[in-house]
Structures are given as structure tokens and as C-alpha cells.
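Each of the next two complexes has chain A plus one more chain, namely chain B in the first and chain C in the second.
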Partner chain A sequence: MIEVQNITFSYSSKGTPVFDNFCLQLEQNKVYGLLGENGTGKSTLLYLMMGLLRPNKGHITVEKVDVSRRKRTTLQQMYIVPEEFDLPQMRFTDYVETYRPFYPAFSDDILRRCTEEFHLPLDARLDQLSMGDKKKALMSFALATNVPYLLMDEPTNGLDVPSKKQFRKVIATTMTEERTLIIATHQLHDVEALLDHVLILQRSQLLLNASVAELCEKYTFDVRPEDDLTDEVLYTERTPQGNATLSLRQPNDEETSLNLELLFNAVTSINNQN
Partner chain B sequence: MKTFSNILQLWRFYWRTEKKLYLRLFFMFWAIFLVKIAVIDFIYMHADSEIYGWTHNTLHTYICMGGILITVSRLFDAIHQKQRAIDFLSLPASNGEKFFSRYLLGIMGVPLLVNLGLLAAACVVTLVLNTIDALLSHQPSGWETIFNYYYDPYSWVGFRDVIKGYYPVSTFLVVTIWNYIVLLAFISFFIWFGIAFRKAGWVYAFIAIFASAALLVFFLEVTGTGNQPTPRIAIYIFKYSSIFFTILFTNLAYHSFCRAQIVNRKFFTL
Partner chain C sequence: MIYQNERAIYVKIADRVCDDILSGKYQEDERVPSVRELAADYEVNTNTVLRTFDILQRDEIIYQKRGIGVFVSPGARHKIRIARKREFRQHELPEFLRRLRLLGLTIDDVVKAWNEDSEETNS
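Up next, the complex of A and B:
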């Protein structure tokens, strides 16, 4: 479990804190979507969880160990795919040979499956790959490390439409019971189908922390005509198809699938009104 | 034992990912030595031996020390650039393993490489110049003149003096160990500044050293002790304080490394 305990963090001593007395608990075996507009602290939170940034106050622990100590055993359980990264000038096979000794649970089988799905040749030179292919290479390696906590910052940025589909398939097929995936993104449609749990950040505050099951049980996401906007409708948006609505689910209502963009807009707009 | 094998694993990692940087540094100093030996040493080779000896030793020490200190201050450059820092700091190895794997390179690997580079450069230049000399004048000369100086880069009791029987081996060893301890204090200081400052830590380190030296000279002048011979106790204090400063700077460097974060601050990494 990752526990964020009352952290306060700012990039400079005089600056406004990015987080102020912020708390969060992330359980194992789930896919978390960390959602928020640009500059809300999504990446900062991932770096804090990895121990790459140090909170001014409070602690972040992974399996009860303070991550800011950057212990080998803690780092062996975590991997971060940053939004921007540099890969060394070498072949992908050499990259794997160089980094894999640090990850005892590394799986060749997962690596093979990922690279096959991404159509990525293992002997490709990393410095000659496109940005999207570099990202696929890093994500393949990240998944193959088999670490219990995998953190991804904007994983679909730089991927074309077919690659985004491949990404979803790869994540869905390689997720195991022992793994927790935290995806920080503002590309809501790209990850909608993958998530078990939604976290929405705004101005460094956690506006929503709920499981997809819980959300779908309590709320209905559907498109309604103008004359059907009843009292239970909490939020509505005009779309070419009609009014996309988020409403309280009534006892006889069928369960609907999550509309992440609608949920995000509803939560942030309700918060702005308050 | 486990820590040692982890450090070996990190060295393999550095070699694979930073090979070009190490080779570039090695060949850069090799080139500087080649120019220095070829130009300055060759010009002074037949000059007055006292002037030659002083110029040679001073230049030699400055180039060696400068080369070693600038190189060690850059050993932790990986933590100053965000993407490289994410890669390095999130690599599964403890702070201690990451720090000491690079620290050991700084206190042993770099001085060894610089000296090997120096000896190799001396050999190459001497051979080339002697061959040219021999071809032109049909009598080789200068081989010993250049080469012998490179046996004793930092020592006032040189290896060639031991061979010639001027000093016992034990004296040579004691002097060499003390020289190394003094060098360690400087290396630790430069590593600390290299970690703490985001850019050009070695520049700030040199400024700090020159400022301290200037203060010391000012103090000696004010107290009127500047022209007197250095008392024996001062030499002892200097030697033994080097041990203290090595421990102090190594500690500061280690703690600075443990506190390093991926923030793009203007001056400091901490």
C-alpha cells in the first residue's frame, strides 16, 4: 500500500505549496486514474511517491517504508514512466540487458508480449526511434519489470490512435493481481476503460477519490433529451447527440458505463461553483 | 559482500550508459598532456635544469590536480538534469551504493586513469620525439629526461629517487600515502560541491579554495609570520587535518546526495 500522510510540498521555500496537508491511500491490485488539469500536481505527486521529490512536511510510505529514503528494496517495487525521458544511445536489447539486473522479478515473457503487441523490434536502436516508439519501448520494459507499483505519467501522450489502442490492450493483458498501476493523465478517453479507481485533483486538492464500481452504482451516465432533465440530474452538458447527463441512479435504473470526461467536468464544475 | 556485488552491478551500468563520457574525459586529458609534454617539456628539455624542474613540476601538478578535481566534481552530473536524475535516482540501488560507487571512482578510478593517461602520453611523445631526433641526428637523446619525471607526479620523494637509493622505500610509501590523503580531502571537497551545485560546482570549489588560501596568506602577513620557515607543527596540523576534512567532506557529499531531488533550481540540487 502507498500511503501519503499529511504532506506539504512546494518547489521553493517562498512559493505557493503544491500540496498542503495532503493525504491519500492507494491500495494494491488496482488501476488508479490520477486525473486533473495541467499544473494541478499530478506529476509532482508521482515523483513524491517515487522519492524523487521530498515533502517539506509529512511522509509517503510504500509498504510502511518511507520512500524518501530511496532504499533498494523499495525501489525494486516501483517503476516510473515519466512524461519526458531520455533513453541511452544503444539497442533495445542492450537497454534491457543493462537495466534488467536491477529488477529481480523481470519477465522476458511479458517483454516479448508487449513488444509483439507494439510491433517493436527488440534490436531497434533507441536513438533512432520516434517519440511514440521510444515510449512504447519504455512502457514495455516498465511492464516487464513486474514491479508491484507502476507509475505512468501521461502514458498516451505522443502515441497515435492505433498505438493508444495497443497501449490499452497491453495494459489489460499484463495487469496481474499483485500489481498496482497509477496513471496520471488528462487524456481521459485513452484510459477510461482501464480504470478501477478515479482520483481527481484540482488546485492540489483531492476532489474525488472513488472506485469505478462505486461511481457506477451511485450514478447514471447517459444522454437525455431536453424534456427529460429531471431533479436527479446533477450535471449536464450539451452534445450533438443530446444532453450528456450525470444523475443519481434510481433503484430501477440499469447500470451504465463510466463516462470519465463527463464525471471530470461535473466534479470540477461543481467544485468551482462552491 | 552483497553491497560489493551491487556496486559492481552499478559500475557495469555506468560503463554501459556513460561509456562515451568516460572515454571523452580520458582522451581530453590525454590530449592536454600530449600538448603539454610535446610543447613545454620539449622546449625546456635542454634549458637550465632548475628552471626546467620548477616549471615542469608546477605545471605538472596543476594539470594533474586540475584534471582530477574537475573530473570528480562532474561524477554526479547525472542528478542535475531532470530526465537523467529520474533514471538514476529511481534505479533500484540504495543511496549508499549509488553514492559510494561513484565516490570510489572519484578517489581511485579517476586519479589512476589520469596518471595512466599521463604515463602513456609521456611514453608516446618521448618515443616519437626520440625517433625523430635519432633519424635526424643519428643519436637518440632525451628519453630519460622526459620519462623519468612521470614516475613521481605528486611526490617530493620520487620513485626515481628511491631507485637511485636517495630515500628508503618506507619513506617513499609514507610520503605517497600522505599525499594521497591530502588529495582525498580535495577530491571529497570537489565531489561535495559537484553534488550540491547544479552547474559548474568545480568553479565554486576553486573559488572557495583560492579565497581560503588568500585569507591564510592575509593572516600570515598580518601576524608577520609569512616570511618565517613553516614550523613543523603546522605541517602536522595540515597533514592530520586532511583526514578530518576528508571525513567531513565525504559526509557532507553523501548527505547532499541523499537529499538530492529532481528540482530545476538555479544553483542548488538540494
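Up next, the complex of A and C:
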């Protein structure tokens, strides 16, 4: 479990804090979507969880150990794929051989499955790959480390349409039990069906912290005619098909599919009104 | 009033598995794809597929052999057909009849179309 306990963090002593007395708990064996508009602190939160940034106040613990102590036993359980990164001038296979000793649970099987799905040649020079292929290479390595806590910042940025599909397949097959994946993104459609749990950040506050199962149990997502907006309707958006609607689910209604974009817009706009 | 909604993903995947059982792609007492395989096919979280398996197991469409895999139950095709017929009668048929009346069509028009279609299918 990752526990963020009452942290306050700011990048400079004069600036307004990015987080002020912020708390969050992340459980094992779940795929979390960390959503929020630009500049709401998604990446900062990931770096804090990794121990790459340190909070001014409060603590972040992974398996009860403070990440800012940067203990080997903690670091070998975590991996982050940042939004932007540079890779060294070496072949992919050499990169793997160089960095795998840091991760005791490293899986050749997962690496093979990822590189096959992504059509990545293992003998390719990393610095000569396109941006999308660099990302796929680092994601393959990240998944193959087999760490219990994997963090990804905007993983689908820079990926073309077929690659996004490959990404979803790779995540669907390699995120098995006892692993936690935290995906920070605003590409909602890319990750919608992969998530177990939704976190929405706004102005450094957690607006929503709920499981997908819970959301689908409580709410109905559908498209309704203009004149049929009853009391249980909480939020609507006009679309060419009618009103895309988020409403309270009635006891006998069948569950509907989560519409993450509608949920996101509903949660952030309701908060803006207050 | 017709609402357009998408049924929950785990229900849609259950429907697809049932389609494949009806079409004979998966025979009774044969193995169906694993959680991981289905998750990859449909690009969804493995927990979603686990929910699909839960409802299919509850409805006795599939059964699990521990450590081996998931199999199609004997009689699954029959059960799916019964359930689908019931659903057709409850939802699609009333809507179809409503449309007939709305458009001023009669049951004779339907019978005529039915016979023509049967001839074409048989020829």
C-alpha cells in the first residue's frame, strides 16, 4: 500500500503550495487512473510517491517505509515511466542487461510479450528510435521489472492509434494480481476500460476517489432525449444524439458502461460551481 | 422512451462469449479463452473479465476446473437460447409491434415478408 499522509509541498518557498495537507491511500492489485486538468499536480504527486521529490511536511510511505529514505528494498519495488525522458546511446538488449539487476522480480517472459506486441526489435539502438518507439521500449522494460508499484505519466502521449491499442493489450495482459499501476493522464478514452479506480485531482484537492464498480453501481451513463430530464439526472451534455447524461441509477436499472469523460466533466464542473 | 445506453462492459463481454458458444466456436465441455486472453482481446482490465466469468458461472454457462481453465457447461447453448428468447419477447418484440402500429403495418405484411425470406433462404 502507498500512503500519502498529510503532505504539503511547494516548488519554491514563496510560491503557493501544490499540495496542502493532502492525503491518499493506494491499495495493492489495482489499476488507478489519476485524472485532472493541466497543472493540477498529477505529475508532482507521482514524483512525490517515487521519492524523487520530498514533501515539506507529512510523509509518503510504501509498505510502511518512508519513500524519502530511498531504501533499496523500497526502490526495487517501484518504477516510473515519465512523460518525457532521454534514453542512453545503447542497444535495447544492453539497456535491459544493465538495468535489470536492480529489479529482483524481472520477467523475461513479460519483456518478450511486450516487445512482440509492440513490434520492437531488441537489437535496436535506443537513441535512434522514434519518440513513440522510445516510449514503448521504456514501457516494456517498466512492465518487465515486475515491480509491485508501477507509475506512468501520460503513457499514451506520442503513441499513434495502433500503438494505443497495443498499449491497452499489453496492460490488460501484464497487470495481474499483486501489482498496482497508477496512470496519470488526460487521454481518458485511451485508458477508460483498463481502470479499477478513478482519482480526480483539481486545484490539488482530490475531487473523486472511487472504484469503477462503485461508480457503475451508483450512476447510469446514457443518452436521453432533450425533454426527458428527470430528477435523478445530475449532469448533462448536449450531443448530436441527444443529451449525454449522468444520473443516479435506479434500483432495477441495468448497469451501464462508465463514460469517463462525462464523469470527469461532471465532477469538475459541479466543483467549479461551488 | 428509448434511451441509448451502453451496457456494462462485463455484460457485453458475457454476450460475446455466449455468441461464440451459440455459433459453435466454443463447444460444450471445451475450454474458453483465459481471463488474460479475453482481457487482451477486448483491451480491458482483467477484473472486468473476472466479473464476466462470475455472471456466466452463476448462470451455469461455464464452469471452472481448478488450475486447468474455464469450460463451457453441458447444456449451455440451450440455456443461452432460452434466455435470449425471453429477452427478445420482453424487449425487442414489444418494440417491434409498437413500430408496426406506428407505421400502419399489419401482421399480414410481416407474414408476407417472412414467407419471402424463408423462400430465399431455402432456395
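The rule is simple: the second predicted complex is superposed on the first by the 274 of 274 C-alpha atoms of A that agree within 3 Å, B and C clash if a C-alpha of one lies under 4 Å from a C-alpha of the other, contacts with A are read in each partner's own complex, and residues count from 1 in each chain.
What we mean here is this: a residue touches a chain if its C-beta (ideal position, glycine included) is under 8 Å from a C-beta of that chain, and two chains touch if they have at least 3 such contacts.
Keep in mind the model is a prediction, meaning the values are calculated, not measured.
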item: First, second, both or neither for A:L194, with chain B first and chain C second; value: second
item: Touching partner for A:L52 - first (chain B), second (chain C), both, neither; value: first
item: Which of chain B and chain C A:R112 touches, first, second, both or neither; value: neither
item: Partner chain in contact with A:S257 - chain B first, chain C second, else both or neither; value: second
item: First (chain B), second (chain C), both or neither touched by A:I80; value: first
item: Chain B versus chain C as contact partner of A:D222, first or second or both or neither; value: second
item: Chain B versus chain C as contact partner of A:P88, first or second or both or neither; value: first
item: Of all residues in chain B, those that touch chain A in their complex; value: 6, 9, 12-13, 16-17, 20, 82-87, 89-95, 97, 258-259, 261-263, 265
item: Contact footprint of chain C on chain A as seen in their complex; value: 31, 165, 168-169, 172-173, 175-176, 193-196, 213, 216, 220-225, 228, 241-242, 254-259
item: Chain C residues touching chain A - in the complex, by the definition given at the top; value: 1, 3-9, 11-12, 36, 39-40, 42-48, 51
item: List of chain A residues in touch with chain B within their complex; value: 11-12, 47, 50-54, 69-72, 75-76, 78-80, 82, 84-86, 88-90, 94, 97-99, 101-103
